[in-house]
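Let me begin by presenting the structure, written as structure tokens, before commenting on it.
For reference, chains read A, B, C and D in written order, and residue numbers begin at 1 within each chain.
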Amino acid sequence: MTTITLEQANTISAAAFAKGRDLGLKPLAVAVVDAGGHLISYQRQDGASIGRLQIASGKACGALFLGVSSRTVAEMAADRPTFIATAATVAPQGLIPAPGGVIVVDKDGSVIGAVGISGDTSDNDEACTLAGISAAGLSEQ
Amino acid sequence: MTTITLEQANTISAAAFAKGRDLGLKPLAVAVVDAGGHLISYQRQDGASIGRLQIASGKACGALFLGVSSRTVAEMAADRPTFIATAATVAPQGLIPAPGGVIVVDKDGSVIGAVGISGDTSDNDEACTLAGISAAGLSEQ
Amino acid sequence: MTTITLEQANTISAAAFAKGRDLGLKPLAVAVVDAGGHLISYQRQDGASIGRLQIASGKACGALFLGVSSRTVAEMAADRPTFIATAATVAPQGLIPAPGGVIVVDKDGSVIGAVGISGDTSDNDEACTLAGISAAGLSEQ
Amino acid sequence: MTTITLEQANTISAAAFAKGRDLGLKPLAVAVVDAGGHLISYQRQDGASIGRLQIASGKACGALFLGVSSRTVAEMAADRPTFIATAATVAPQGLIPAPGGVIVVDKDGSVIGAVGISGDTSDNDEACTLAGISAAGLSEQ
């Protein structure tokens, strides 16, 4: 498998939304991208703000850009704020330092894409991201 | 109703893909945007090239930018190529002059969003766009 | 195999330069990108102009963007100049409509990257691209 | 000599990778640019993340932008974070404040280019940069 399929992406989105409903979260947006950071699917729930695309995909693509989860990017930003602020200016697909963006790997550990969610707190966003990846039978890096 | 809902957007996408299968088309990508040109949903079928997002949303957002379908934008481009080429450079969400992008209106004729499809010939893309809008019980401008 | 390796990229570049020497061409630049259009390697021969990066990678990434070779993109530009001119404004990694950019596939036909060359005439650039891909034991789409 | 040659750039890259193997580092990416910040060569080892190009070249080009090594840029960022964060937004070729980017000079002290490396810790990246420059018989500023 070299990429997340559209069917898997839709499973991820549906499971993430189900998790959000279970937790009573605000409306969410889910971006699923391939290993090159190109969008496979995007779903924005009614009431979520218009910038959720850039935040959700910026978490996913920023994770791919640096090769770590956006939670780790957030930790890097706490340690070295100017490094991450300047890296964001040269990240062609965005770089958002907040939990919720996770790299997805296949059985061999090869990167096949990433998922980013935005809409509630970053910790809650990340819980939904992980629920989505798990529901699709995939693994996070 | 002031915007296409996510549920309607997913109905549009599913119906567009069904139309594509009926017609034996290449893999498609479907972008559904709100009246402000902001993505509500995006679905890229397996095998569609990575640029389908920009082409599909550029058809939808270009239609909103000029207030006509992307088929009409294509006709304008045939008549006045430099006007459309330069307009594209200032259209912040893209402007693609090829059929497949259609403005969606409510019962009162108010704009509630747009749909753009890319992947096969532009005429086939547009046929899928119209099938999707119709399946969701919505109307094109 | 999900991507062109660095070793293959270096073989492609060396073979392309050898072909250029055989044909007595001007200094060349060779860009090898993965399936997402992200650079794996770039080599600019002494004397090649500074913009060769953008032209070479724009041929490769534009091919991936539309899912066809940059020769076909050039044919599309001849038929529909405004479509390609506007598509270029929304292609995040560039879109150059001239021969020399070729998509690389694995044995199953899956896209694993692309190669773009710039420096001499577009036809000569393309001959070097194809020589490079062949030398690495890979196939063009 | 007014610029690093491609042959020297390839020597730099090979020596940097050898140093990385000796030290047991993660996959690296090496960007070699001319005095104008334009890429002469780029090599990304298998497994390095897709954003290494922007980080590596942002170290090299940021060094040229301010006329000091990217280690000094990092020190400036610690002292004056907002200055560097805002400078990065106007640095057309990127400005990354972390060690690993070094200006290369000829015998007379004239700038002939720069090298930037990314992939492991910034200190390790810089060690590889210096090993590469030394292997090519060149000097850092």
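Note that in this section a contact is a pair of C-beta atoms (placed from the backbone, for glycine too) under 8 Å apart; a residue touches a chain by one contact, two chains touch by 3 or more.
Just so we're on the same page, UniProt names per chain: A, B, C, D = GlcG protein.
Keep in mind that this is a model prediction, so the values were computed, not measured.
Colleague: Compare the contact pairs of C-D with those of each option in A-B, A-D or B-C, and report the one where over half match by residue number.
Modeller: It is A-B that reproduces the contact pattern of C-D.
Colleague: Would you say A-C or A-D is joined by more C-beta pairs in contact?
Modeller: Spelling it out, more C-beta pairs touch across A-D than across the other pair.
Colleague: Which whole number of Å gives the spacing of the CA centres of subunit A (GlcG protein) and subunit D (GlcG protein)?
Modeller: Whole-Å distance between the two chain centres: 30.
Colleague: Rounded to a whole Å, what is the gap between the Cα centroids of subunit A (GlcG protein) and subunit B (GlcG protein)?
Modeller: Once rounded, the distance between the two centres reads 25 Å.
Colleague: Centre to centre, by mean C-alpha position, how many angstrom separate subunit A (GlcG protein) and subunit C (GlcG protein)?
Modeller: Centre-to-centre distance between subunit A (GlcG protein) and subunit C (GlcG protein): 30 Å.
Colleague: Could you pull out the residues of subunit B (GlcG protein) that touch at least 2 other chains?
Modeller: 50
Colleague: In the complex formed with subunit B (GlcG protein), which residues of subunit A (GlcG protein) make contact?
Modeller: On the subunit A (GlcG protein) side, the touching residues are 3, 5-6, 10, 34, 36, 38-46, 50, 53.
Colleague: For subunit C (GlcG protein), which residues are in contact with subunit B (GlcG protein) within the complex?
Modeller: 35-37, 64-67, 80-83, 85-87, 89-92, 95
Colleague: List the residues on subunit B (GlcG protein) that touch subunit C (GlcG protein) in their complex, please.
Modeller: Subunit B (GlcG protein) reaches subunit C (GlcG protein) through residues 48-51, 54-55, 58, 62, 74, 77-78, 81, 84-85, 88-89, 91, 94-98.
Colleague: Flag every residue of subunit A (GlcG protein) that touches subunit C (GlcG protein) in the complex, lowest number first.
Modeller: Interface residues on subunit A (GlcG protein), with respect to subunit C (GlcG protein): 2, 34-38, 92-93, 110.
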